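Heads up, the next two complexes both have chain A, just with different partners, chain B and then chain C.
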Partner chain A sequence: MAQAREQDLRPWYLLSPALAAIALLVVVPMSFILVYSFYENIDLGLDRPAFQFGNWHELLTDSYYHVAIWKTLRLSVIVTVLAALMGYVPAYFIAFTRFHHKWLLLLLLIIPFWISFIIRTLSWIHIMGNEGVINALLLWLGVIDQPLHMMYNEFAVVVGFIHVFLPYMILNVYVSLEGIDRNLEPAARTLGCTPWQAFLEVTLPLSLPGLAAGCLLVFVLTAGSYVTPLILGGPDDFLFGNLIYDAVMSELNWPMGATLSFTLLVLLGLVVVVYSRFMRLNQLTKAFG
Partner chain B sequence: MARVELQSVTKSFGQITAVKKADVVFEEGSFTTLLGPSGCGKTTILRMIAGLEAPSAGDILIGGRRINDLPIHKRNLGLVFQNYALFPHKTIGQNIAFGLKYRGVPKAEARDKVRQALEIVRLPGVEDRYPTQLSGGQQQRIALARAIVIEPDVLLLDEPLSALDANLREEMRVELKSIQHRIGVTSIFVTHDQSEALAMSDRIVVMSAGEVQQEGAPEEVYNTPATEFVARFLGAANLFDARVTAADDRLVELETAAFGRLTLPRDRAARLGDAGPARLVVRAEKLALSEAAAPPGTVSAAATVAAVDYQGQLARYFLQIGDSQAQAIQMIDGRPYPEGAEVTVSLRPEDCTALPPASPDGESGPTGR
Partner chain C sequence: MKMDSTRRYEVLRERVGNGNVDRRSFMRLLGFAGLAAGVSGGVMTGLSRRALAGGTEIYFEGWGGVVSEALRKYAFDPYEKKTGNTVVDSTFGGEAEVLTKVRAAGSAKGHNVLHSSGVDWYKRWVDAGYGTKLNEANIPNLANVMAAIIKPFHAITPGYLSAVPYDYGTTGIAYNTEHVSKEKAEKLGANLLLDKSLKGKIGGWGGDWANRAWYGALQSGQDPNNITDWDAVWAKVREHRALVLKYWSSGAELMDLLAKGEIWVTEAWSGRVAALQAQGHPIGYFDPKNGLAWMESMFVLKGSPMAEAEELLNFMLAPETAIAVAEGQKYPSSLDPEKVKMTKIIEGLPAYDPTGKLAGLVFRDPSKWNPVEKKERKMWDRIKKGA
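Coming up: the complex of A and B.
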């Protein structure tokens, strides 16, 4: 009996370092933030410990925040869908190419991560700005005589997001495609499928877990970011993350910032939980492994 | 059901020629095996017939019709892969019905055909399961069912048994052959396993380095190999240097170092000239060991048992006969000869085959021993 109980505890012993780390590094700080959300902001940077729902009340009643949530979801969906469409083709190419140095293609995909993503985002100013490469070229060719305004709008933000997050999508889809038995498409072909039908019947459904994992990642990464809209967006192109940034950095209202942070965490956490249940995302671990 | 014909088909991959000018006919309703070591071009031939590779030169005909440019999905072939290649996201029923769906067979009819196919492969009632819920042998049966349910003109089998374990493999071998016999489909079977080839085939096409070495019924290929490569690849063969001393239409007389003179019927030395060097091929099981004098009608030599590989009902002996080494396989009752035993080895000349020596470019396989 005693031995049985001892055996039951063993997994917990093994898990304890991980659990301790998670508790210390995630649960405890998050609890601080939760506690902070009940504090009261008196003046710039001045808080009073309290237990009141003023911040939460403001969040639930001020439509400004609701608009931000809506904008965030909308933009994240746009970025995710575009990334899925634009990421599938290169992933398919890398997975199925007969090119012998596949690692090189994968390396090309990863190299951008060596450069800070802020710098990568800033680079768009030199590409799409009024004096950027595209405008300079079009002016030189005489296609236009006034620079096109491509910067500081939603389009620029979407471009920036796609640029930074596309590799996550490609890698996830690639891993999924790579795991597909190479004989399945030929099998479908001998049974009467055209190449396109074979793709729809075999490759696409079998790559859906990777696509789903990639979509979730891009969605969550987009919905949680604030730097890209800050650099590439106009005054109206803000996400929920920008409100947190404003509350904490400009207004020095930490209790409100804590409230908003916790809200974003819960919202994205919910998306992840619901989505993984729905899509059975064991693929996610594979992609990161 | 249709006859398949390769007309000087060549396939090159860059610098490498995988298949060199192959001329092979696969008769309607026959079971033909492409046999050879890996890289000999047998799978490439299969893939070209299936349409998964395009020949670099030459024509492929199915039922008299040139199909070089016919896309895969219009060829009406059943292809069974070594790794089964079942669709993991579809049920067994959907897997088998897949080809029927693309042939516009109505659902109810397709369901009946799936059931019949499952009965043929002796796995009734598994329609709703997924491939991973079946064992390897069962998956292979499903792959076969999926290929035959569309009533293909030709059934192509790419080493379908090599992923199975030994016992199952022998069982499936018999079963595959009997299914093929029952439905009578022209079948082309690719394997590197000579015992599979001998057991299952109506005809065997032995290949090496992209070239067809010999074509014929299993016993023909086994008993009268056309090249040294075939002699060595099928079964255990001994090759002795020999010289033609006399020859006419009926008989060929050879001189060997180990056995002296022996006379072979002409059909056992069909490819040999009337003089010059030759190679004498003696199957290991045709070398008889005894302590007594050799029986009449045989030629014999004194030998020493260098090593014994005892396998229960039979034993493989490694012998030293003068300067040459040889292998002998014998049924045993009682005890095998011990190592170092002095014995008499004898053989009946009509059991041997004589070949011209391998040409220096090595196209007849490795030489020397």
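Coming up: the complex of A and C.
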């Protein structure tokens, strides 16, 4: 009896360092942020401890914030769907290739992480800008006589996001595909499936946990960003994170910044909860083998 | 030269942004930097070297790009050589960023001297309790600084200074001379930024609400230092926004957008335009009537090593240093041309005032602008996003 109880508690003993770290580094700071959201900003950079709901009232009643939430969700969905479509093919290729040095392909996926995120984002100015590689080539070939406007719009922001987050999607899908029994597809073929049917009926469903994990990761990372639209976007391209940046760095209004930060946390937490309800979050662990 | 790897990387990136380094050289230098970091032991070696260095460390924060390069080359390096002290310089995105960091940390530790912009920020730092009382006896070169540029600072802190005025400039209008004629630019004045035929080729500074409002006031026919109709100001700002391709957020980004022809017209900092012109780019510049002028100071934050900071300020105000920095950063020095002979290069800089009285320049009146800042800054952040 005592031994069984001891065994019941063992996972908690093992988890305790991680739980302590999460409590100290996530729960406590977020609690401070929640408390700060009730403070009152009386002048630039000057706050008064208080318990009032002015910031929350503003957030709930002002359409300025609602538009930003809508824009954030919309753009995050666009980036996630495109990353899923674009990421599945290379992941499939890496998982099923007969190339002996598969590690080399995986290394190619990881190499971009060696370069700063900011530099990778800035590089698009040199690729899609007026004097960038694409315009220079098209002008040289005589295809166009004026540079194409590819920068400082939503297209550039989406490209920037996909460039940065695509490896997360590919790696998740790859791990999932790598864990599928290689005999299943041939077995489906022997039972009369075409290659396409075997993929649709066998491989794709079995790789869904990885795809789901990749989608969740890309969605959350996109929704929490603010630098990419700042560098690659125009005046209309901003996310909820940019409002937090404005509140804290420009208006020096920390209580409002805290309110917005906590809201973003709750919104993304809700997405994870809803996602886990429909996609069965426990399935995600399969993506990691 | 004392420069850590991050700073070296920032400088390199700035230079690429400014068009001073081609992409191939940039990648080569980045590769070499990585190699050097690997061979030399990177961060740990840097830390041990710092621990071994003698003298006092003074932390300086400034605007980056050509401005930081000039300060490093003509002021900080010779100062370090002369005194054995070290100036650890870095770039900020604006003083609000520094104030946020200082508040978050609960102290100004690691922040000593700021390249502070405008009298309004001088007032904010002092009001927030971060001001110091400089011992002017330790800064004899202050005697060469224009009385007209010191006066507004003394008005805020009567009898003492927390900063020394160092340079001044204007935020006028830059235009690409291959697409916009000088005649058209000067005829339209501030309304050049509202020219519908240039839609998608217009830029604007996104970082400062007051700059945007100043131009909104000019475009709505008001005195920027006595705005009576804020709705009219913001209506003009909205009109401008509809034509804007990009709100730039740093001097390097401004130069990059103009140099690459992404934008043809924008308000711009006089020194940055002078730097572009010196590089041979077809960029014209003019100050519209009642255009915005500003003065920058070297602000010493509370808790700094005062004697060393004053020694640094005095060194920076020495005529040979101040003139070399002014030529490098392309902003006129705060030294009085009646007392110190300026070079031909400085006399040719935009906004340069040979009289030393600054009577022809219009500065922001902090007594008018600071009281409305909380409300109007928020308004600008919203309008910038289309609200």
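Convention: the second predicted complex is superposed on the first by the 265 of 289 C-alpha atoms of A that agree within 3 Å, B and C clash if a C-alpha of one lies under 4 Å from a C-alpha of the other, contacts with A are read in each partner's own complex, and residues count from 1 in each chain.
Heads up, the rule we're going with is that a contact is a pair of C-beta atoms (placed from the backbone, for glycine too) under 8 Å apart; a residue touches a chain by one contact, two chains touch by 3 or more.
Model, not experiment: these values are computed from the prediction.
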{"item": "Clash or fit, chain B versus chain C on superposed chain A", "value": "fit"}
{"item": "Which of chain B and chain C A:Met151 touches, first, second, both or neither", "value": "second"}
{"item": "Comparing the two partners chain B and chain C, which touches a greater set of residues in chain A", "value": "C"}
{"item": "Partner chain in contact with A:Tyr64 - chain B first, chain C second, else both or neither", "value": "second"}
{"item": "Partner chain in contact with A:Met249 - chain B first, chain C second, else both or neither", "value": "second"}
{"item": "Geometry of the superposed three-chain model: angle at chain A (Cα centres of chain B and chain C, steps of 10 degrees)", "value": "140"}
{"item": "Partner chain(s) touched by A:Thr190 [first = chain B, second = chain C, both, neither]", "value": "first"}
{"item": "Touched partner set for A:Ile119, first chain B, second chain C, both or neither", "value": "second"}
{"item": "Which superposed partner A:Leu206 touches (first chain B, second chain C, both, neither)", "value": "first"}
{"item": "Partner chain in contact with A:Gly45 - chain B first, chain C second, else both or neither", "value": "second"}
{"item": "Touching partner for A:Pro235 - first (chain B), second (chain C), both, neither", "value": "second"}
{"item": "Partner chain(s) touched by A:Ile127 [first = chain B, second = chain C, both, neither]", "value": "neither"}
{"item": "Smallest separation in angstrom, by C-alpha atoms, between chain B and chain C in the superposition", "value": "40"}
{"item": "Common ground on chain A, meaning residues reached by chain C in one complex and by chain B in the other", "value": "none"}
{"item": "Chain A contact footprint on chain C (complex, rising order)", "value": "13, 23, 93-94, 96-97, 99-100, 103, 124, 128, 200, 207, 209, 241, 244-247, 249, 256, 260-262, 373-374, 377-378, 381-382, 384-387"}
{"item": "Complex contact set, residues of chain A against chain B", "value": "181, 183-184, 186-194, 197, 201-202, 205-206"}
{"item": "Of all residues in chain A, those that touch chain C in their complex", "value": "43-46, 64, 67-68, 119, 122, 125-126, 129-131, 149, 151-152, 230, 234-236, 238, 242-243, 246, 248-254"}
{"item": "For the chain B and chain A complex, residues of the former touching the latter", "value": "50-52, 71-73, 75, 77-79, 81, 83, 85-89, 98-99, 101-103, 146-147, 150"}
